[in-house]
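In what comes next, chain A is part of two complexes: it sits with chain B in the first one and with chain C in the second one.
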Partner chain A sequence: MFENVSRRNFLQGSAVLAAGLGLAGCSGDGGGDASSDGSTIKVGILGPHTGDVANYGIACRNGAQLYFDQLNADGGINGKQVEYLVEDEQGDPTQAVTAYNLLVEQGVVGIVGDVTTGPTTAVAQQSVNDNMPCVTPSATAAEIVTYGDNTFRACVTDPEQGRIMAAFANEQGYKNVGTLYLKGDDYNEGVNNAFVEEAQALGITITTEQSYSAGDVDFNSQLTTIIATNPDAILAPNYYEDDGLIVTQARQQGYTGVILGVDGWSGVADYASAEDLQNCYYCCAFSSANTEGLAAQFTADYEEAYGETPTNFCALGYDAAMVLAGGIAAAEEAGLEAGSDEYLQAVIDGIASGSVEGVTGTIAYDGTGDPVKSSLVLTFAEDGSEEVFETIDASA
Partner chain B sequence: MDGVALIVSQVLNGLQLGSIYALVALGYTMVYGIILLLNFAHGDIIMAGAYILWIILAQLGLNPVIAMLLAVLGCTALGVLIDKVAYAPLRNAPRLSVLITAIGVSYFLENGAQLVFGADAKVVPSFAPVSNIQVGGLSLSFVALVTVLVTAASTIVLTFLVQKTKLGKAMRAVSEDMGAARLMGVNVNNTITFTFAVGSALAGIGAVLYVMAYPQATPTMGMMLGTKAFVAAVLGGIGSIPGAVVGAMLVGFAEVFVSAIGLSVWRDAVVFLLLIVVLIVRPTGIFGRTMSEKV
Partner chain C sequence: MEEELMAKRRPIISMGGRGGAQDGKRRTLPMPVRYAINALLVLVVLVVGELMVDGGAITRYQTSVLQQVGVYIIMAVSLNIATGYLGQLPLGHAGFMSVGAYGCAIFVMHLSEALGIGARDIVAGGPMVALVVFAGVVFGGICAAVAGVIIGIPALRLKGDYLAIITLAFAEIIRVVMLNIDDVLGFELTRGAAGLTGIPSYSNFLNVFLAVAVVCFLVHTMMKSRHGRAILAIRDNEIAAEATGVNTTYYKTLAFVVSAFFAGVAGGLYAGCVGVLQPANFGFMQSIEILVMVVLGGMGSMLGSVLSATVLTILPEALRAFSDYRMIAYAVVLVLVMIFRPQGLLGSYDFSLSRVIERVMNRDFPWGKGRGGDAEKDAEAEGVSADAGR
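Up next, the complex of A and B:
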């Protein structure tokens, strides 16, 4: 359905653009005049909205749409309304490139997406040819931002999470830490290795690094080995199903100390008892339990708009849209011709030099597409519900 | 934690893992002993037991004792039902047909569970009264101790049942020679059903202990568990009850040992390597008898 609409709007947009150009030629103050003509700025929202990983894509899309809707209600960018075109790539890299090309043909000046690592890599390689500004809410693989200057991400990388938890461990005064991670998975190993490297640099002793294979449910032996080294904390940088089992088994063995995790822990509260989850800490970009500032407002707005509690991905989608809008605002202020090469470059420069206050923290870029941003450290209340322990700054 | 405590803990880990394998392996070995069928659906009965526990504890919120009883009864009923529906009609069919049927039943149960409950793990709330107990300054897992004790008790009861009761005698007779047993007035069909019931009840107990230690139910949880228990039964000598227990303990200790020396990624490989070695060196397993082929 929207293809018809967007085609019509595309034609309409082109006409307005032409009119706007004419006006810009007459006076130096073209932007304001264009807005009275109802001129719009086109952006793309790209992600998997059907298929196996649709959960993530839909969450990011909802977050991004919420931001653009709010932006439009506040008057848009430079007096122009933002029109977002949504494309589904079903989690497939080939479809992602096709969907990306479709968005480019429709005249977008920036894209929120893609969402998962494989398709995002494909889009990053393609989009560098067009110098199209892309902000991925959630793809964490390191190489995504290396293909060109045009791709940014709103989330932090896997290794960065490891470094954040090492900083946390140091700050809490843990001197000896053992780790237990899933071997053969980029996420778990990436976090573990970065944690170990950073922790050792900070003077923390890594007592032992234990691992397990995909599908294992019995971690008793590894945990016995780790607990025997008398650690102040155990790092378990895995996904919540495994982490729930690890926490339960560690407590069964009588270990009452600290267990650390990263954002794969989101949702772990359903996988271990409230009692066992005491003394566990993990870092995450966003939590709906955050009662402070923009995050609390976002949670309320999201619940009103969609009738469900926002996840980490919803918040990152919202922030990715905000980052992109920040770049577009810079290009608009420069009064450049929408869609021109200079305009796209101005959007990229705007993102790279700007800084936005997102719901997942302050996002700024330090010469690369990787953000410098703060992270939440979450823990569990006595009833097992998530609560914010503290915010760790970007400089850590 | 000093060296002794570490060894005690690791031995307990090995016993715990071995005990769970033993309960499953016993079911494998009994069914094989009596109708020479490798019941590949046996591991999935544990899965069914885990979902029964989940339904009763997480969905209905009933008493854990009721949950445990219903899980064991449910597994027993399922085991008997599988025999009646899938295997009994093939009693006189070639063994390969029954074997393939068993694989089919296994897939049916796994995919059925996935259809009904979904692919994600269901969490069974903890129903152990305490998580650990202190013995002489040593913190031991309560669940591990219970698992070892219950398995030991189950094995003793089973041995008594097979060696000292009339039904046990009938089971041994059918396993020895089905035709001759029938001629001697043994009700072969009832005996086979009874064997399935006992084996599945043990799987039910296994499910309870498994879920206490690893409180999640997934559709495919029985697959690896069943395979490991099968390896244990073959290691010990399939058809032999003490063999199944010894084989299971070997598998459990091998896994824990491999993990303890930091090679956890190899634990499954070592188990199957053990199987290959035993099959080459002693094909009938540790307690296996060399049976002469009937011609």
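Up next, the complex of A and C:
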């Protein structure tokens, strides 16, 4: 039978073998036990660790891992060590659902994740059916927490950030504000629309709303239009690469006024000069420049563990893990059997009624999955480093 | 029909000493029996699979991977019509998938709301739900087919690289339309960049693989019909085909539209698997991934498309343990295949269960008295005889 195996036959055979191995591998991975055993508590960390948005996922993962490692070093929850299972979803909703199912099969009692909006929505819709507690560090779209009671977030929503900046603008006495945002992205549009609505309610005139498309690098025409309306401030609620260019080009056009941003600005210092960044303000949950309390401690711990300065996402990942651990602690105290429906419900109730002192501020939930928490408004020092301008307390 | 012709022709060929039948006449299976065998096998696979899913022998994670496999099998098989059978190189298949996905999801969401079927009822199933989902998937397919006509008529005037670029551009147009159509219409339809969310999870193992079987059967029968042969003739030599009276414009558009239709069907099922649709998920890379499946499996081989869609969907999951290296492994596999097997894993070979059974009936085994090679070549020469029942 094997006397003359041609290359074709060989390759066909290998293909079939590869398919078989693939299937076998798939089945091998899938079979986790259905619930945590007595000595450890299993939690999942889900996010994009490869692919286009990997930097956010890795930052959140590092933050969450740091929290669980510290928790374990302190004796864990109720004397049990926390075992975290990390799954990658590449920023793809399909893979997020698959990875979520994998985590559930492995018997997790809660998940830190997902990270970006699309996959998180997919996971939120799935996890309602299992009543699985999920705490997303950073997915900001409003509707994520509306599918069920089981999904929470550690960050404030896009519209909330818009409102915070509108209130800030009002407080600073800016009367005319122009905006420049990326069209076709829910984050940028969400912030912009909420800002415009809130600002108008506060009596601020929105002189013009300009938009650009993904990939644009020249904002001069929009900036000319905006500057022609003679604004007190310009809102640029975008991600840092674009914002850096916007700031630089606005300054080149001779605009010296205020430029406002939101947490997408985190990291903008690499994209604009220190001189140009003067008179820029943005709101953010966390800054490594914050020298107060827990945030400073976290920055030091993170730098020791990973050798780099933590970003906003690292801090949110850390806090999301803390929120979840708080809920699990409540369930453990009640002495429920790990992995049962009552246990999961107890974790959810624990998160909803609890309050944790996170590195991004005190996080409590007021009957929804949205946190009530404070925000920082950051600005830039003469040398371009970030500094805390003020802390805006939670608006109930 | 071709099978019947083959069956008639075979005895003459086998006069030359091929085959093991004593009376010199090759024993064959009649067509109804062939279809019955394949239909039975499909039924068995579906029933056994469904029982295993219900009984928990296939876990939820594996089921969700299998559903994706099913969706990508339909995608690859449908692209194979335009690439393998028609011989064109469209790079916009994800565009049709997105049209079908949005069409089906919006249809199911609105219809189930109008009929008062909740999201939970859809998961639970029932005849009414099945009907709504069926209608939705077909509607998604029709939407994609309409997009296929609109794109196909101007695009198919071009060939090769030009066609690739124009289809790529059209897929991008579809994506941008999905992003911005709400502003133009003035009411919520696709919900732009935020994505269409809250799609009930109406896809399950049974309906996805039922769709796979039906799509494979339909494509198989189409390719064996008069229309299919016309399409193959255009692939082999367009000028000669036109000279013999094949209406090339019509058949090129037909193949393209059928390809789009099935991509829409796959999109509809995809929407039910994921529950969230964002235009960004149907970008250029998605089209390329599907094309890779077809090319890797062998252009013009349905079995190749099915196999490579299965392997390439499972591979990243199976390599999950190697996390960071899995994309490298994936790339290495592709490079190796393209170097050692440029025509794809299976070339244009296709598997036919009936052919195997007939060979067994005639005791004509590939290893029998050195005739193996001949039989193999003969089988390959039969070209497209993709077996729907697979």
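The rule we apply is simple: the second predicted complex is superposed on the first by the 357 of 396 C-alpha atoms of A that agree within 3 Å, B and C clash if a C-alpha of one lies under 4 Å from a C-alpha of the other, contacts with A are read in each partner's own complex, and residues count from 1 in each chain.
The rule we apply is simple: contacts are C-beta pairs under 8 Å (C-beta built on N, C-alpha and C of every residue); 3 or more make two chains touch, one makes a residue touch a chain.
Source: prediction; values computed, not measured.
A.B. asks: Which partner does A:S273 contact after superposing on A: first (chain B), second (chain C), both, neither?
C.D. replies: First partner only, chain B.
A.B. asks: Regarding the shared-chain residue A:T157, is it in contact with chain B (first), chain C (second), both, or neither?
C.D. replies: After superposing on A, A:T157 lies clear of both chain B and chain C.
A.B. asks: For A:S39, decide between first (touching chain B), second (touching chain C), both and neither.
C.D. replies: In the superposed model, A:S39 contacts neither chain B nor chain C.
A.B. asks: Go through the superposed model and pick first if A:T121 touches only chain B, second if only chain C, both, or neither.
C.D. replies: A:T121: touches chain C, not chain B.
A.B. asks: More residues of chain A are touched by which chain, chain B or chain C?
C.D. replies: Chain A has more residues touched by C than by the other partner.
A.B. asks: Touching A:T140, do we find chain B (first), chain C (second), both, or neither?
C.D. replies: neither
A.B. asks: On the A-aligned overlay, A:T224 touches which partner chain: chain B = first, chain C = second, or both, or neither?
C.D. replies: A:T224: touches chain B, not chain C.
A.B. asks: Report, in rising order, the residues of chain A that make contact with chain B in one complex and with chain C in the other.
C.D. replies: 184
A.B. asks: Chain B touches which residues of chain A in the complex?
C.D. replies: Counting only chain A, the residues touching chain B are 183-184, 208, 210-213, 215-218, 220-222, 224-225, 227-228, 230, 241, 244-245, 248-249, 251-255, 270-271, 273, 276.
A.B. asks: If you look only at chain B, which of its residues touch chain A in the complex?
C.D. replies: Listed in rising order, the residues are 1, 5-6, 9-10, 13-14, 16-17, 120-121, 123, 125-126, 128, 131-132, 134, 139-144, 213-216, 221, 224, 255-256, 259-260, 262, 264-265, 267-268.
A.B. asks: In their complex, what parts of chain C are in touch with chain A?
C.D. replies: 59-65, 68, 123, 179-180, 192-195, 197-199, 201, 270, 273-276, 278, 280-281, 307, 310-311, 314-321, 323-324, 327, 340-341, 345-346, 367
A.B. asks: Quick check on the complex: what are the chain A residues that touch chain C?
C.D. replies: Spelled out, the residues of chain A in touch with chain C are 1, 7, 11-12, 15, 18-19, 21-23, 25-27, 29-31, 49-50, 87-88, 92-95, 97-98, 101-102, 104-105, 117-119, 121-122, 125-126, 129, 141, 143, 147, 184-186, 189-190.
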